[in-house]
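You will see chain A twice below: alongside chain B first, and alongside chain C after that.
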Partner chain A sequence: MNISPLSGICIGSLGIALVFIIFAFLRGSPGLRSYILTRVVLTLPMVFILVTVIFFIMRVIPGDPVTSELGPRGTPAQREHMREQLGLNDPILVQYVKYLGKIVRLDLGTALVLGNRPIVDELSERLPATIELTLPAMVIAVGFGVLSGAYAAQHRKKGVDYGLRLFSIAAYSIPVFWLGLILQVVFGIGLDIAPIAGRIDPIINISLDRMTNVLTLDALITGNWRALGSALHHLFLPSLALATVLTGVFLRLSRINVIESLVEDYILAGRARGIRERVLVYKHALSNALIPIVTLIGLQFSVLLAGAILTETTFSWPGMGLYLVERIGQRDYTAVQGVILVFALSVAVISLLTDIIYAFIDPRVRY
Partner chain B sequence: MKRHKLILIASILVVAAVILASCAPAEEEIKTVIIGVTDEISSLDFSDAYSTHDWELMRNVNVPLTDFVPGKAEVGTGIAESWEVSADDLTWTFHLSDGWKYPDGSELVAADVVRTVERAMTLEGDIHGVVVAYISGIEAPDDKTVVIHLVNPRGDFPQIASMAFTMPTQEGVFPADELVFFPEEGIVGVGPWQMVEYDPAEQVVLERNPNYKKGFGADAPDRVIVKYYEDATSMALAVENGDIDISWRILGPPEVQRLSEVEGLTAVNTGGGGIRYLVLNEAREPMNDKNVRQALAYLLDRDEIVDRVMQGTVNPLYSMVPPGFLAAGEYFVDRFGAGANVSAAEDLLRASGYSEDNPLVFDLWYPPEHYGTHAAQIFQVLEQQFEATPLIQVNLQSQEWGTYVKACTGDEYQACYLGWFFDYPDTSNYLDPFAESASSPHMGIAYASEQMDELLHAGGAESDQAVRAQLYTDAQELYAEDVVTIPMHMEAEYAVFRNETISSITIGPALIFDYELIVMK
Partner chain C sequence: MMGEDKEVLVEIRDLDVRYQTRLGPVSAVDDVSFDIFQGEILGLVGESGCGKSTMGKALMRLLPPSTEIRGKVIFDGADVLTFNEDQMRDFRGRRISMIFQDPMTSLNPVQRIADHLVETIRVHEPEMKKPVALDRIRRLVERLGIQKERIEDFPHQLSGGMRQRVMISLGLVLNPSLIIADEATTSLDVIVEAKFLDELREILHEFGVSILVITHNIALVAELADRIAVMYAGQIAELGSIYHVFDNPLHPYTKGLLQSVPSIKLDEREVLYKMPGEPPNLTHPPSGCRFHPRCPEVMPICSNHTPSLMYTTSDQMVNCWLYQDHPEKDRPTIEVTP
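Right, the complex of A and B next:
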């Protein structure tokens, strides 16, 4: 049986999530169990509503895939023929019911433009690229944001604190596409140390055997170090741009929580016992400040995906975001619906997991 | 802490080593050229493809019956070395030359051409409508002869036969009853290249066809990679920093202007590109009044738009047929002059009953994003030019492309702006769609003239080029007189290459980029 990378990633991720949820369900308190059940059940209508809204919005906005595909050359007869072929002449409710029927059978349909390929195949090629971009960006954003927030808290009201706070505001308010362009000009043209766009050097790409389509992973699996280096090199600017935009929030939240923790009695007691300030900040205060940050990671996941759309467009990164932008322009209803469905499911699962982790690591939380 | 520092330093060293490894020269020295484009692949089926970029890839892996002379908009021999037309002008016989081979060594036979054309005729792909409009049947009496029967006489059929649907395909590669937009193994033909790998979202890899009949120059590349970019800005930056060797379609005027001034880069004006024109919908008032259309033609100052908005990166256009094509000329200059003539426009408008108290009011539509960021500026200048007389009041309107194109080519707007690029390189393809009475309504123009139809039909059927030239000259004079549309400018396409790796490239006005003619350093 052939499993596409998309199916593999989805099945793998859902499998891990499911194992974790079952584990939490079995080990958790009755309150947590009831919470998990409620959240799982509520996820379904949420996704259903989102899919429905997108379905109708795509058909209400001006333009259609036939016009996009045929352009000014298309004659009325050609347009009509294509509409018939694509099922666009059916009443909208009939189209909707057909669409829902397909979703239930896990069939995302075929693209309405550019070769009418199955959406699952197209997303299979794009999703790994988005994962490859967003995962490191999130790791950098959380890592740098949290540590620098703690550092700013430790040096509260000093120059470095003001500097980091200023940076966090700037990072949060800078549009990612503008930041991306600036990084391209500075690192790509000015310093000439990073490629402008794409996922890997085109020549090295030829020698890389793709299995998962996550290029760094494929390079590692096959021991292709040149490809690994090139993939990391190409990942540098887009992940930096995306991470920078997310860093601001983590930095500010981490700083304020560490500051609050630093006036707690247990910190004062630690100081009285002669424990070094660095240990107090990074070990004791920070670990307590992490609880709301875990929640924020879940909330920021949707911001991450939105940022990925703009970052991928700026860096010609062939992921889900770029695909979504292209297909919105072409009014490819099924492709847009497919991407939104994957995004919605991802956000729903991540939020659910975050909430469960939150409940797990903080026993004070009750539902 | 020391342990943490060591781990951090070790991690940085590992990442740096891996990145440095990627920068090391390749083990094998294959002369590779990387070409950046913002186009996308729509279809790689020869019997379906109907887009400039698909055709470019196809022309590099295959050869049609007739082909473009490199660097020119003329059609010469392709896989056919000669051809003749029957006495009734309805049957064309093409004689294939010897020596054409596919990468696997098998020889081209006439049935391979028949296969592609028949699929285009029977399967309803994008090119289907064009093919059946011209061709009624095709046969291969022997391995070296292709006979094509036409629906109506066409003097320009050798030009039409240069389209991708006449390229040969081997038996069993494409199914007879189904279009395959993205063949798993890519595409091959008898052309200079074979597609060895492709990913529509990232890149196409072409390597030499070892059996290519015409061979390769000493400095030709061994391999060509076409890399896809989302926008012209990224592509322009990529050629500037050396990620790619050539930045090709589609660079906008701002990028061309900037890159032209960058040391180490050469910008090449291909002399060809899309034309831009104003659609005046004659099915609606006030554009059904010839005086109004002529007044607008008098008021348009193309040079001002070219200089002020486009900084000289486009050329003013005074006929729908751009320079280089049969019977091309400056017919709108001859009729209306090069600059604005306000008094002549006012005379015409007053003759139609317009005055300062009763001005001509109309909506002028444009798509704000589809033709580049400068579209809005073009229309602001255009509004000023038309309103140079108090007898005209223009309402500028913009609409998103998806809706716009349908409305503009339908019957919804009074006046709008569109672009055009030929399907096949002949004058007829720049006139028939707009001025022929059966085609014109589909372009949002609704022009109808028996005299024009006679000229265009005669021009299409005529195979004597001198006679055709006269017929198309007459047609264009009538076109200007009736102001069927108002040609505005031609956006010449540019390619920019790095002097460090490339010596020269050959791209003609037909925008055919023959990769085997790239000369490397």
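Right, the complex of A and C next:
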């Protein structure tokens, strides 16, 4: 059970992204190369600014980790001892410089509360949980949203189009936590067919060997089918809630872009050559509509993270979002800074990835 | 004379096309009948909004579903307007194909040229293998003056003239009997256009295909076509071989149109004819002859009765009371004020 500081899946997914970026860097045109280089270099000041802002905001808001750890009954001596131990008695600028020094050495520090574990260890348990929740939600939302958006565009102004539009507006405007609560009431309590909290049945959990901390993946690798069933069962409601909200976004986006593509001359020209309506919609119009959609998938990634925070809180899903909320409450400065850093880096990587993909799906784009 | 000995390819009879708009129905094409012969180039000219493009699209049924189309379009003995969706799809591209106005936007920007052509062939001949299709495509594009390596390019990598050649190869790739060219050279510059037209005429005669050239450019028709049909406000005003129509225009609209073309010789005293008035609003077309409010030779009958397109010689037809008899024709109308 002793896992490397950043567990397998994080290294894995980050690795895939890096391999892809390096591949694009080596194979791409000189223009693309300098573009990637510029973007990577620009990421550094962005992360620096973000880290700085979070560092000071955390220290400006009232309360501190000592109070939350010791509670109101902590004696002044205990408090003073703990402050000294955590380095909180240093001037704030000294703390800041020390913190930056650690970041540069890729050290996220240790938690200020609850056993003072290294932040990387804590994140390596939490990040896989978030990936396990958000990845399927994103795949379902993009797949279903884009295809049903194209379907609505094809049947524009017919019953099915109005139905899908109504669904997308409703899904888009429902707060994800409210939808989560309703799903819990209906499926979890009313129908009693799905668990409403946690990632896996705690008893089954004992039998599962952890490798990547993505439970479904671990269960698959070790062939633990009971654990796989339980993990999927627990995944059902939270990913449904998150996927529904995101589907609304992608459905609207895909519908409007396919409609815009369908009035283009090349669609009429294709129709005049006898090409099937279905092929015109799902191949010609959609492949052109995908260009703005891919851009927005990149932009929606931050919305996805925000959604994940709310969904994890609603379903007690022990991921990054829930961790962030807990540690903000406990004023665990280093933990919050660590989460924000990971979020910022992943948003930067994803947006760079979408820009590179953009160059591949649109032959007109040359960096 | 041409016309008599030619075989008819398409018979268009009593074609009516009506759009529904918020201001009421617009009759964009009103009771039009004419023939297109095998192997001929027929120029359809008229001002913007006269219904010429609508007519071209109506022949291929490419108008929005809410459009009302009535009449007959007989092609190979069958009425195209009665075809179901599958028959129509098989018909488009294979029997009649269309070359559009703007080659810049008529090609799918994310699809290679070769894929456009392969797709077009395989929609109609699904059993054809890709290498065989590519072989055919390479021969065709080389004949059209496109280097065969260029078919691996995306549309944005080609010049306007090249793209128009690609559009033509897309129109010819299935050996159709009729090509409808809707303002096909409008977007080319004049030098490219002239060169292109020469080549086009040669190629089209070689392929033995009929063409309906839809344009507002009467000089282009003079250059390219065998016959000309002049359209005004959804109706055919005059139709005939270009020699007859250009030498001896009969309809006052045709006369005006020919006089309003600037000549290339710089003659300071040359005064271009300006046709009075505006093209009519087709939601409420004028009564009688649709041209009468603008006609310099208007007669009393013109505002009350609609003329019809009739032969004046074996080769020229005109839709005007000047050349037709009617019991009321010479009687002056008496304005009765109660």
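The working rule: the second predicted complex is superposed on the first by the 352 of 367 C-alpha atoms of A that agree within 3 Å, B and C clash if a C-alpha of one lies under 4 Å from a C-alpha of the other, contacts with A are read in each partner's own complex, and residues count from 1 in each chain.
Throughout what follows, a contact is a pair of C-beta atoms (placed from the backbone, for glycine too) under 8 Å apart; a residue touches a chain by one contact, two chains touch by 3 or more.
Keep in mind the model is a prediction, meaning the values are calculated, not measured.
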| item | value |
| --- | --- |
| Fit or clash - chain C, chain B, common chain A | fit |
| Which superposed partner A:223 touches (first chain B, second chain C, both, neither) | neither |
| Superposed arrangement, angle subtended at the Cα centre of chain A by chain B and chain C, nearest 10 degrees | 150 |
| Touched partner set for A:274, first chain B, second chain C, both or neither | second |
| Which superposed partner A:91 touches (first chain B, second chain C, both, neither) | neither |
| Touching partner for A:287 - first (chain B), second (chain C), both, neither | second |
| Partner chain(s) touched by A:316 [first = chain B, second = chain C, both, neither] | first |
| Partner chain in contact with A:361 - chain B first, chain C second, else both or neither | second |
| First (chain B), second (chain C), both or neither touched by A:30 | neither |
| First (chain B), second (chain C), both or neither touched by A:265 | second |
| Partner touching more residues of chain A, whether chain B or chain C | B |
| CA minimum distance (chain B, chain C), superposed complexes, angstrom | 16 |
| Chain A residues contacted in one complex by chain B, in the other by chain C | none |
| Residue ranges of chain A touching chain B (in the complex, touch as defined) | 62-64, 67-73, 75-76, 78, 81, 114-117, 125-126, 181, 184-185, 188-189, 192, 195-199, 201-206, 225-230, 232-233, 312-316, 318, 322-323, 325-326, 329, 331 |
| Chain B residues within the chain A interface of the complex | 15, 18-24, 26, 32, 34, 40-43, 124, 126, 129, 181-182, 197, 199-203, 205, 225, 227-231, 233-235, 237-238, 240-243, 399-403, 405-406, 408-409, 418, 420, 423, 433, 442-443 |
| Footprint of chain A on chain C - complex, ascending | 60, 62, 89-94, 97-98, 100-102, 105-111, 119-120, 123-124, 154, 156, 167, 170 |
| Complex contact set, residues of chain A against chain C | 264-266, 268-276, 279, 284, 287-288, 291, 361-364 |
